[in-house]
Each structure stands twice: as structure tokens, then as C-alpha cells.
Amino acid sequence: MLTVSLRHALPGFGLDVQFEAPPGVTVLFGRSGTGKTTVIQAVAGLLRPDQGRVALDSELLFDTTQRHWLPPHKRRMGYVFQEGRLFPHLTVRQNLAFGQWFAPRDAKRESLDRVVELLGIGPLLQRRPGLLSGGEKQRVALGRALLSAPRMILADEPLSALDEARKAEILPYFERLRDEIGIPMLYVSHSAAEVARLATTVVVLQDGKVQRQGTAAEVLGDTAVMPAGVRAAGALLEARVASHHNDGLTELDAGGVLLFLPQIAKAVGSVVRVRISAHEVILSRQPPEGLSALNILPGTIEHVRTGGGPGAMVSLQTPAGRVLARVTRRSAQALGLEAGVECFAVVKTVSIAPEDIGGGG
Amino acid sequence: AASTKTALDEAAAAYMAETGRAAVLSYAGSPALARQIQLGAPADVFISANPGWMDVLQQDRLIVPASRLDLLTNRLVLIAHGAGAAPLDLETADLGALLGESRLAMALVDAVPAGIYGKAALAALGQWPSVASKTAQAANVRAALVLVASGEAPMGVVYATDAAAGSNVTVVAVFPQDSHPPVIYPAAAISSGNAAEAQTFLNYLRSPVARGIFLRHGFGVSDP
Amino acid sequence: MNAEAAWLGPEEWQAVMLSLRVSLWATLAALPLAVFVAYALARWQFPGKQLLNSLVHLPLILPPVVTGYLLLMVFGTKGPVGGALQQIGIVFAFRWTGAALAAGIMAFPLMVRAIRLSVEAVDPKLEQAAATLGASRALCFATVTLPMILPGLIAGTVLGFAKAMGEFGATITFVSSIPGQTQTLPSAIYTFLQVPGGESAALRLTLVSIAIALIALLLSELLARRVADRAGGR
Amino acid sequence: MLTVSLRHALPGFGLDVQFEAPPGVTVLFGRSGTGKTTVIQAVAGLLRPDQGRVALDSELLFDTTQRHWLPPHKRRMGYVFQEGRLFPHLTVRQNLAFGQWFAPRDAKRESLDRVVELLGIGPLLQRRPGLLSGGEKQRVALGRALLSAPRMILADEPLSALDEARKAEILPYFERLRDEIGIPMLYVSHSAAEVARLATTVVVLQDGKVQRQGTAAEVLGDTAVMPAGVRAAGALLEARVASHHNDGLTELDAGGVLLFLPQIAKAVGSVVRVRISAHEVILSRQPPEGLSALNILPGTIEHVRTGGGPGAMVSLQTPAGRVLARVTRRSAQALGLEAGVECFAVVKTVSIAPEDIGGGG
Amino acid sequence: MNAEAAWLGPEEWQAVMLSLRVSLWATLAALPLAVFVAYALARWQFPGKQLLNSLVHLPLILPPVVTGYLLLMVFGTKGPVGGALQQIGIVFAFRWTGAALAAGIMAFPLMVRAIRLSVEAVDPKLEQAAATLGASRALCFATVTLPMILPGLIAGTVLGFAKAMGEFGATITFVSSIPGQTQTLPSAIYTFLQVPGGESAALRLTLVSIAIALIALLLSELLARRVADRAGGR
């Protein structure tokens, strides 16, 4: 576990954060300029904060009261920089190998070939970074960090320069890092989908302070804090893989409710989590029939929240867990949606995006 | 002194041929050599173009006083640019007027022997006041010669030995010997050096063979 | 220049070889120290930094003759440092090593300046990146900073070498001009210029000196271009 | 109109593209390393292609056969670089003003204050770029290009470093550039939402070649080419604002069909376009009732396409235009969906994301 | 050093002021040309590039005395260039302008090298960005390249100034030593060192010379730091 407590003043900007990052992925979420990179830099040892203490498990990285300071090269943090920072005088291959040169002999290592293949950078190995495209640079930077046998990954928006298809390919790799290798990560992201898929814990920063910290489910379900606004709100359900069907669908069991999703490459019995965006849920008072949507969750309305806008956020308790639905105020009135009312949540199978389905973290 | 290089090289070669012993010669300005000796240069003999520096070493007891001798002499001449410049009478000519806007090339008049001697000679001849502000003072005689040879300065004061070999210059007058202190190149053995070796070499430099060489290069040799 | 004139006498050859040896040693020996000082001046804050900086520049400011006298006073056999070193068998006075010392000291400010500029141009963010990848300060320097300052290093070395080849005032004042020992090319040229009729010999040696330095210059440019190509089109 | 025809060989990469960018926004779409930046650089004059010709309206920018070459500073292209490229020796304010110094006196100019406010960079004006966060840098770079009074904007992934909320704020600005100022744009993007909202024309690049070119509606509706995969597929409908309602909804008229959307800040009568993602459409054989979804479009199935996966893409001809719906093969069979069948498309009001609604381009 | 010794005689003051004037003019006049040559060497490919490069380095390689002779041959009133310039009233021979010319030429290679290194460190991508924003080549240079090479410009200028302050061999050979006209500090120091007992006067002048150069050095460091601060923490 990483415990972070920092206080640092920059001209025109003050940082004051405390949070704990339990094993798994902790996503730092927040608007541009709220101090995400600054926090990561302090953890990596590239910034010496005015006051604070950072510890990884039992090891103290620094503590200003004890005047303890571990220099960055002893911290073994795999830092993926927001701007790449590839070494211009080395080839891509040498950049990738750079961290390996200094890694302790006995550290667990990823194999170069595997990482190269995953990131699709095989054809670039002999090039110099100056000749790479934006996305190529970022992929190499990611590979370099992964190959340095780090004890922890610090990833500063690692995917933002990548196209959707590439993102979809790389995200599972981060999941595997989290689940199989069990390497802790501090991950900066703007994308609710990435948060939902990767985050064990979410720390929301605003103006240099922690605005909210909690599990991914808690934070994503809280419309008050989601900095990306209501569209990022949604529920996270845990489900077990029940069976795989011939027509390419996977059947999940979520607290007794059956859900159908596009094929998930997980063994029967394994636990996955599914993010259901609030704006993609349709509510119905009667069990709907003759619809192309395959997933119907019965439930009881916990509460209906309305704001100044045309929308209403309906929170529904279902056997699968809490589901959020964002509907118009008009519909909420027309259907008589209010606390205690029973109704059905309709979710299309294909509206659950692949990046919204992840292994349970 | 560097200006004696050709002659001394020849003498050293003859010494080698005769005695089978090599003399290693290091040429530099007198002040540099004198200071090097003061600070422990591993030399046996010092030959200087400037008696003043020899006096300093003698005061500091760095040379063997008994070995000191006046090895060579030289004459001071007035040269002019061009191959066929007309001779000039130093007693009557008005150097200042002849120079006009242009300059008289000399070695540094307060620092380098040729300059010091030249200034004294011009003063003795009554020419100094009119040329004092028209001197171009070079770092050494050779540089002064170059200024005249290139035509940058129409006239200059140099040693006879330099003027003889210089192309594009003509000796237009020879300064009377009594118009300036004698131009003497003293030599002496250095006290910390190999005294016997030094004395042998000094003796050789006074031998008829060596004297012949020096005379051939235009130097005067003081009587033994 | 006819064939006879182009031919160098044995003493002249000696001067050429000696100058090469002196300049090479001077440059190579000064290089590591120059890199260290340049790095320190570029990256660190420490008390006495300005003093060090001034000291480094002194040989440039002083007339070479003065530098030569100072060397003679400090590193001569009677000098405080020279005397001490003599005890352990290191002698500079009137040896080619002394000529190398003088040349090295004269070349030093030029080398430091060139290298320092290069160090200042290296983005510290890259060194930070190397640190997060596990490279200690020294390894960071060896694997990132050093390769990236190569152009400045080459420039500094060739400047230093050229300066060492041309150095005269301090050398002749410090170690005199002893053929085969301390008579470098510039000393030989100077001596020839002092004697009647020595001009053609001086010219010959000057041309040799120019040729050597220009070859060094061309090699350095080739090397620098290769280094730049290696670092890619940015 | 910009006409582009380029052929250029780089070690390990060959570019060979021809396309025309009619007035409006032309989005270059494609995976990482397919040559998008290379094309933009050639248009800007920073790369001299081996062969080719680029003309903006009647002005020839370069033509290798005529040996004509207009240097970059005479082209007046507002280039937003993928990596910022701010001038480190100038303050943010000076960076912003840089292009103004050289702009022709009579050029239409944006006001500094307006751009600063829009991009939220007021507090940064006195800073040096070295001290900005990643997103801040990109916003300043955007402002700098906008303020240089360009004849055309070349934007290379200008929004990818920005958070969702900031993106949502800046996108309308690009729309206004397109619609009000009428400045043509070449815009590189990975995001289908951005494409749908901004693009007049989409040029899809793959491995240095144009894979497909067409209007946004055509390309987004073509599942075969969308490089981001099926999730990016969707229909673009044109609609007129019919009325604004008190409860925050706007009623649109799309070919006689009424659509309800969250408030759109457009006058009644103006034309907007609405992207409806295929995966968010539910199909029903009977007119559905009692659902929270307000928008129901009747239509006739044109065709049903199935691939190897569990999904099927249903193309529906409605009075409002063609609508795409992505459903599972299982549902398609269960509901008997096939060409010629009449059915209803159900779309939630709130499932249409704000960035998917744009002024008609 | 007692009070009397510290006091400089009028002729010595003259030498100090002259040296300042000569060095300042030499550096300032050489600077624009040095920037141009450095930029051309760093950024352009052209025939004769290596020749130009070699020519620039010549004064460093040659013994200063030889440089002085060459100057005399070329820029003397009888020389091809000097003669032509004399027609339009520009005279170098035996004037302070000649001393400045010699000092400038000796300082030139140092200035070019420092500036060239800085130019090479400027990312051409920034110049490209300026071009897309409408800046022509010249304006690009003035608004982006020039401000960014300021550190190298300052380093080159101070190196050049220091070299000009210390230059002696070429100067005295070219324009000799005329009090008030061409007798610079180093010439004066040399003169004192030629005569027995002149050391203390030489020392006095040496200290003055060091003081001037160090003040210039300190000022340049201050300036460079301000420039670096302005360019921000990267």
C-alpha cells in the first residue's frame, strides 16, 4: 500500500493531499491543472515537496519530518511520463532496454519480446525516437517503464495519445499487470471508461486538494463529484461468468439476475465487473417485451435526484447491485418514478462497451 | 638570445664535430631565460643579448663571475624600405621631417636592448625629440625589421646583423659607436650547472673557428 | 614551395612530433577534468562557484607570458607544487610534460566553455527519466548526459587541441625551447622568425601546423556529424 | 477548398494520398502511425514531399511539377502541433500574441481576451510554458494558432490531452469557427464523437493511403472502415429545432419525426445534426409503451449485416433519415429482423451525448 | 601592494583605457559576424563550408606572431585589403583600430564556437512553429533563435572579450606598441617584463587586467542566469 501525504507550494498553485493507495490501481482523476502530475512527481522523487511523507508498504520513500529522502533511482517506480521523455540518442530498442540495465538481477521482469508485441512497436525497434509519431512515442515510453522491473507503476495519462483500437488492446494489459502480476499502480486518467475498468480506488483531485476518495464504484456512482459530469456516472456491477454461448454471447450471473454480454475471454466461474453507464439505462414500469435489449433487471427505486437540468438520476436497487439510470424529468414524471416504486432497468447487450468490462479488481 | 640562433647553431655543430660532445641550445628572449635560470633551469651556460639580465644573475650569484665574458658585439643601423634607398647623414638629416606622418620602427625603446640603444643613439644625435612621438615600437628587432620590409614604416633602427639578411631594406646609415652604449652579448657559466663542461664550451666559443663563424654572420667579436 | 623546401630537417620533424605529443596529451588529460568542471558549473550550486569559474578563465585573460611565469613559479622545481611533485618523481620543468601542462592549462577554458554550453542544453527532464528507470547519478551521467553532450565534447576537444597546437607564449616562458624536449612547433617558428633568413623555414612549419590542425578539425566535424545523425532528426 | 495530392517516401513508411477538403472541417482519421501528422506537415509547408500538389482555393501552395513552393510563413496556416511546441523563452501571453505580430493588418482577428477566456488560461498569462501542466500547454498552443489570423486551421489531436469537461467547453468553439467564421480546418482525431460533431468530411487513412473518404454521415455509418471499430458506428441525422420546452428539453423535427433532446442553445428553426450511436439504439417490433425513452422512430429495415461476432448491424430507413442499430444476433433472430420488416427504433433522450449534437456543418 | 604601487601612472591608465576600448570594439564588431557565421555553420549546407570553418579556426591554430604578420601583409597600408580601405579613409596600421582588428580576429573562433553550439541546441521544431505563425526566416531568427541562443551569445562574448583583453602577440606584431595608440595592457605588461625589476609594475597591470576581465565574467554570469530564469524551469 502506498500512503501519500504532501504539502507543496508553487507560485500560483498549492498542493495539499493525503490519500492511501491500496494494492491495485489507484486512479488520480481531475481536471487539467489540478496537480495530478505534481503528486506523481513527488511519489517518483522528482519533486521534493515542502512537507510530507510517502511510504510504499513498509518502506519509507521520504519523510520531511525525519529528513528521510530516497533518491529516485532507488525507488524503482516505472514512470510513464505525460510527454514521453524518450532518450533521443538511443534507438527504440535501447530506450526499451534502458531500465533493464539497472534493474536488480532478481527482480521479476517482463520479457522484451512480449512487451514489444503487445505494444505493436516491433517495426520501430531500430528507429530513433525523433522519427516516431505521437502515438508511437507514447507506446515506447510505456514499454520502457514496464520493462524496468518496477515495484510500482506511475502512469500519467498513458493512453491519451492512442487511438481507440490501440487503447482497447492495451487496457487488458494493464489489467493483467494489476491482477496477475499484482503490481500497484498510480494512474492519471481523464476517461471514465478507463477509471471504471482499471481503478480499484479513485482519488479525485480538485485545485490541489483531494475532493473525494473511494472505490471506483462509489466514486463513479456519485454524480456530485464526477468531474467529467453526469455522462461519466454509472454503476459497477460484479458478476460471475455463468456460461459462454455459441452465438458469441457470454452469460453472467449478477446476484441471480442473468446478463448477456458480448463474449468475455474469462473462464466460467471467474468474476468480472461491468460498468453500466447511467445514460444507457432505460426504465420501464412493466416487464418490457419484444425489445431487442436482452438484459432486464428488476429493482426498487431508492431515490430520484433532479437538478436544474432536464435530467433526473434514478438509483435502483436490484439483486445485481445498485444500478443508476439517467432519464429526463419528463419521463420520470410520466412514468411516476419515485422512491419505493418497482420498475425494470433495460440494458442493451452491445451498449456495454468492451472497455467497460474488466476483470474484478 | 634568439637572434644569435643561426650563428650559434653553426658553432655548436662545429663543437660537436671537434669534441664529440653535443651542446643543446635553447633559444628564447633574455628575460625568459634569465627567469628560468633564477627558478632552477638545468642549464650550464647563459648567453644573453642584454647585459642587464646578466648583471641580475650575477648579483643573485647564479653565474660564475669569473667565467663571464663579452662574447659578441653588434652595430646599430638605420634602415629604409626598398632596395636602393639613398644613404643618409645622421648628423645633418632631420629624421622627424623625413618621417612626416609615418613612423620609425624600433624595438621597445624602454625594454628591449636594441630599442634602448637606439633611443640613446638618437638622443645623442639630437634626433630623439623630433622622432619620439613617431616611433612604432615592436616587440623585438626582427619585428621592427618586418615593419620596414613591408613598407609599413619607411625607416627603422635595427642591428646590422638583421639588416644584412633582410630583403627589401637598405642600410642608409650606421650609428656611430659612441652614440650609444656598446651592443654586447655577454656569456657566462651558470653556478648550478656543470662547471667544467660549461667552461669548455665557453672556451670553444672563443676559439678561432667559432670567431670565424660569428664574423661571417656579421657579429663583431670582442678581443679575448 | 619546392620539394626541397617542403622537406623538413630532423630538428623540425622533432618539433612536429613533439607538438603532436604535447597537444594530444594536453587535450586528453584536460578533457575529463574539463567535463567535470563544466558539469559542476552548469548544474550545481556551491560556494566558490564564481571563484572556480574565474580561475578557469584566468589563462584566457592573462597574457600568455604571465601565465608562463606563474607556471614557472608554481610548477618549477623551486616552486611549491613543482617541488613537492619532484619528490614523487614528477617533473614538469623543462620537460615535454611541462609543455603539455602549459598547453593544457591554456586550452582548458575553451574546453570548459564548450562543454558547459552543451551540458546546459541537455534537458534535465531526460536525466530525471533515467533516474526513475534506476540509473544512479553517475550512471545517469554516463548513459544520458555524456552521450548527449558529445557534440560539445568534440567541439571543446578540437578547440583545445587547436589552441594547444598554437600555444607559444606560456610554453616558452615556462619550459623554454629545448630541441627535442620542449621546442614545439610554435617555439620553432618563433625562433626561426628571430633570425635573419629564417622566414622560409618558419613558413614551412606554419603550413605543417595548419595542416595538422585542419585535419583535426575535419575529423572532428565528421565525428560530430555522425553523432548528430545518430541522435536522429530530432 | 483544399486539394491535396501527396507522395512521399520515408524510411520504412510510404505516403500516397489524394483528397479534397471542401469548406468546413475535414477530419483525418486513422490509427497511430498511419501518416496523419505527415500529411498535415506537408500542407503546412514543414515537409517537402517528394511529389505532389496542394492548393487552397485558387492559391497554389506547392506543386512539385511546377517547382512551386510557398514557404510556411506565407501560407498562414494555424497549426496546432501534437506536442505543443510552445516557445520556452516567452510567457504564455507572448506565446499567444506571437502570431498576431506577423498577421497581415487587415486579417480577421480573434480577440485575445475572448480566446483566453474560452480556453480558461487567464491565470497562466504571466507564466512560462515550462511550468504548465500537460493540458494547459495544449490549450495555450490552441490559442496561439487561433490568434494568428490563419486562413486555415491544422489541428493535430488538439483535444486529446484535455479532460472531458474542458473538451465539452472547447468543441463548440471549433464549431463556431467552422460555422460562423467559416474557416476551413484539417483536424486529426481519434474520437468518433469529435468526428461526428465537427466533421464535414472524413478522410480515413491507413498505412499512408486514403482508405475511405466521404461525408461524416457516410463514413460513420460504414462499419467496414471505421478504424475505431463498431462502437464508433452511428447515424447522423439532420433536424430542425422545433421548440424549446420548460422542462429543459428541446424538441426537434427530423423529417416529420419528433425528437426530444436536452436543451440545445440554438434558435428555433436552426438546423442541427445529431449523432445516434448504433449501439445505443433499441429496436422493437411493436410501438413500445411505458418506457422512459422519449424518442421513437418508425422505419423499415434496409438490411441486416452480421459478421463473425455476436452482433448484427441493422440499417433502418426512417423519415428522419437512415438510423443504424447494433443488436445481438440473438435478438435479431428472436425479433425476426430482416430486410423489409417494419420496426421502431428507441433512443433515449439523454443517451445522446452533448458532444454528439452539433450545429449543422 | 602598497598604496603608491597600486596607483597607476598616466601612461598605464592610458593602456587600461585603450585595452578596454579595443576589447569592447573588437567584441562588439565581431559579434554580428560571429552570429552569422555560427548560424551558417550550424544550420546550412553549402559548398566551401569546411573551408569557412577552417578559416575561422586559423587564428587559434597559428602562433599569434604569425597571425600578426599575416594581418600586416593583408591589412597593412601596403596590403591588398588595407590599401583599398585606405582609399576610403579606413586605416588599421599603427592605429587602435588595428589593435581592435587583431583582437577581434583572435577572439573570433572562440565566439563562433560558443554560439554555434547554442544554435545547434535550438530545436528546429520551434523555428518551424514560428514559421507556421507567419514569421519569415529573418523574423524567426530574431524572435525565436536569437533569444534562445542568448546564453551561448553571452558565453561567446565574454570569452571573446577575455581573449581580446589578453591578446598580445598578434597585436604587437601588427600595430606595434605606441603609447596611447596601440599600447594595450598586455603590451605594457610585456614591456615591463623585459627589463630587470619591472615585475612589480607588471604585476600591478596584470591585476588590473584580471579585475576587468573578472568583472566582465561576473556580469556575464549574472546576465546568463537572468536569461536562463526567463526561459523558465523548462
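Residue numbering begins at 1 within each chain, and the chains themselves are lettered A, B, C, D and E in the order written.
Assume a contact is a pair of C-beta atoms (placed from the backbone, for glycine too) under 8 Å apart; a residue touches a chain by one contact, two chains touch by 3 or more.
Quick caveat: nothing in here was measured; it's all calculated off a predicted structure.
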> For chain B and chain C, what is the smallest step count along a path of chains that touch one another?
Replying inline: 1
> Which chains contact both chain A and chain E?
Replying inline: C, D
>> Rounded to a whole Å, what is the gap between the Cα centroids of chain B and chain D?
In response: 90
>> Measuring centre to centre with CA averages, how many angstrom lie between chain A and chain C?
In response: 57
> How far is the middle of chain B from the middle of chain E, if each middle is the mean of its Cα atoms, in Å?
Replying inline: 35
>> Give me the residue numbers in chain B that touch at least two other chains, ranges are fine.
In response: none
> Which chain D residues reach two or more other chains?
Replying inline: 127, 131
> Can you list the residues of chain E that touch 2 or more other chains?
Replying inline: 65, 69, 125, 169, 190, 193, 234
> Which chain pairs here would you call touching?
Replying inline: A-C, A-D, B-C, B-E, C-E, D-E
>> For the complex, give me every residue of chain E touching chain B.
In response: 65, 69, 72-73, 76-78, 93-94, 169, 172-173, 175-178, 183, 190-196, 198
> Can you list the residues on chain C that touch chain E in the complex?
Replying inline: 50, 53-54, 57-58, 60-66, 69, 109-110, 113-114, 116-118, 120-121, 123-125, 151-152, 155, 159, 162-163, 165-166, 168-169, 185-186, 189-190, 193, 202, 206, 209-210, 213-214, 217-218, 221, 228, 234
>> Under the stated contact criterion, what part of chain B meets chain E in this complex?
In response: 29, 31, 34, 52-53, 55-56, 103, 105, 108, 110-112, 135-139, 143-144, 146-147, 150-152
> Which part of chain A faces chain C closely enough to touch in the complex?
Replying inline: 44-46, 71-73, 75-79, 81, 85, 87-90, 98-99, 101-103, 127-131, 144-145, 148, 154
> Touching chain C in the complex: which residues of chain B?
Replying inline: 2-6, 24-28, 32-33, 35-36, 39-42, 140, 142, 161-162, 164-166
